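Structure in structure tokens, see below.
Going in written order, the chains are labelled A, B, C, D, E and F, and every chain counts its residues from 1.
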Amino acid sequence: MSSPDFDQKTQEELKKFLDAENAKAQMQSTIHEFTGRCWDKCIKSATSNNNKIDSTEKACLENCVNRFVDTSMFIVKRLQNRN
Amino acid sequence: MSSPDFDQKTQEELKKFLDAENAKAQMQSTIHEFTGRCWDKCIKSATSNNNKIDSTEKACLENCVNRFVDTSMFIVKRLQNRN
Amino acid sequence: MSSPDFDQKTQEELKKFLDAENAKAQMQSTIHEFTGRCWDKCIKSATSNNNKIDSTEKACLENCVNRFVDTSMFIVKRLQNRN
Amino acid sequence: QVKSEMALANAQELINKINNNCFNLCFQNIGPSFSNNDQKCVTSCMDKYMEAWDIVSRTYVGRVQKEQQKF
Amino acid sequence: QVKSEMALANAQELINKINNNCFNLCFQNIGPSFSNNDQKCVTSCMDKYMEAWDIVSRTYVGRVQKEQQKF
Amino acid sequence: QVKSEMALANAQELINKINNNCFNLCFQNIGPSFSNNDQKCVTSCMDKYMEAWDIVSRTYVGRVQKEQQKF
């Protein structure tokens, strides 16, 4: 990171500010992304007679989130073992 | 938002700066996103004989944008009534 | 860009800082995006017996990147000639 | 429960996501007006999306907490 | 009219969007060179995309203004 | 060679991209556990994705350099 005319302290504060904004957005953004992906996998229709999620769809959504987390953790572990 | 070592005024200016950058980007970004989505719905081919949008495609694009805005407004109204 | 209470120099530094962060992210992001798009075009399966990319897939990936760059350059040239 | 999480959620983001996910489902054919059927479909889809968001959110937060307890 | 809006538009974003939307349409099969047919298809697709961008932009801005007048 | 590029790469971004691209391929049907077959598929897909990333990266960087030399 090259920002020669900011002093050290300002740079750190700026970074902290951007990191905090980022973290706040990150959790929301992850949940929105998972919802979108698992929606595509699990929710087949949205008709006017059917505006509740049924038990099959619910189980699929829960499994989908858990498989997503499993996969992420598996990838992280395998990347660490490589290095 | 916790950025303890920025003074109040700097924080506000920083926020104003980021908001302005954001707003400038937002309108462009919305138009680009609508174009992409309505393109997928309405434009079937791009052959070398046919590099104008025909009247059916044009009507579809216009309807698509209007249905998108209708849907957004409908969602906003319904979310407000819920709370 | 209207940020009335930042002085000229601070605005320039802020812009330089954001540009540098942006440029660092941009190259990575382009490579990730190309990988995702060309992956969809070129990689058909990931079975447990087959965790190497074969020569057909490799050629497809290389051609895909080159066609992507060709298309970008073609678009840029054509946009410049228009103006 | 949805409501409190909603308050936390960036409302604009939620609206965008509902719109994106329900538009494809409800507007396979695009007509010249926002019909009653369109409104019913969007209503139903929106309710399902928010319920899905709630399920995903609880499952994800629960799983993250469970994993953190292992350390 | 496209031109002035183009000037406003982030040019890089426009190039990316044209590329993304036209790549799928024009490169269903990827060959070892950027052929004349590829160039014709990209030219045609690019013109259509910019025309679509213009239609969408005018429709959207018009609609937003119409809705704002209601208040 | 992958490793050094990996170090440069935003690790989180890489994990996200592998997950996104391999999830669709490996989880056409979603079951109640992360099975051995799932793990094999993710392992294989992950290796292929990183190899693809490496090929794309080298091809892209090589092409950009080639084009820059023309000026």
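Everything below uses one rule, namely that contacts are C-beta pairs under 8 Å (C-beta built on N, C-alpha and C of every residue); 3 or more make two chains touch, one makes a residue touch a chain.
Here the structure is a predicted model, which is why all the values come from computation and not from measurement.
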- Task: Treat each pair of touching chains as one step and give the shortest count from chain B to chain D.
- Result: 1
- Item | Interface copy of B-E among C-F, A-F or B-D, judged by whether over half of the contact pairs recur | C-F
- Query: Which chain pair is joined by more contacting C-beta pairs, C-F or A-F?
  - Reply: C-F
- Query: Distance-wise, how many Å sit between the C-alpha centres of chain C and chain D, to the nearest whole number?
  - Reply: 30
- Item | Inter-chain centre distance, chain B versus chain C - centres from mean C-alpha coordinates, in Å | 22
- Message: Can you list every residue of chain B that touches 2 or more other chains, as numbers and ranges?
- Response: 42, 66
- Note on the structure: Two or more other chains are touched by the chain E residues 14, 20, 22, 26, 43
- Message: Per the contact definition, I'd like the list of chain D residues that touch chain A in the complex.
- Response: 8-10, 13-14, 17, 20-22, 25-26, 37, 40-41, 43-45, 47-49, 51-53, 55-57, 59-60, 63-64, 67
- Give every residue of chain D touching chain B within the complex, in rising order. 3, 6, 11, 14-15, 18-20, 22-23, 26-27, 30-32, 34, 38-39, 42-43, 46
- Listed in rising order, the residues of chain B that touch chain D in the complex are 37, 41-42, 59-60, 63-64, 66-68, 70-72, 74-76, 78-79, 82-83
- Item | In the complex with chain D, residue positions of chain A that touch it | 25, 28-32, 34-36, 38-40, 42-43, 45-53, 57-58, 61-62, 64-66, 69, 73
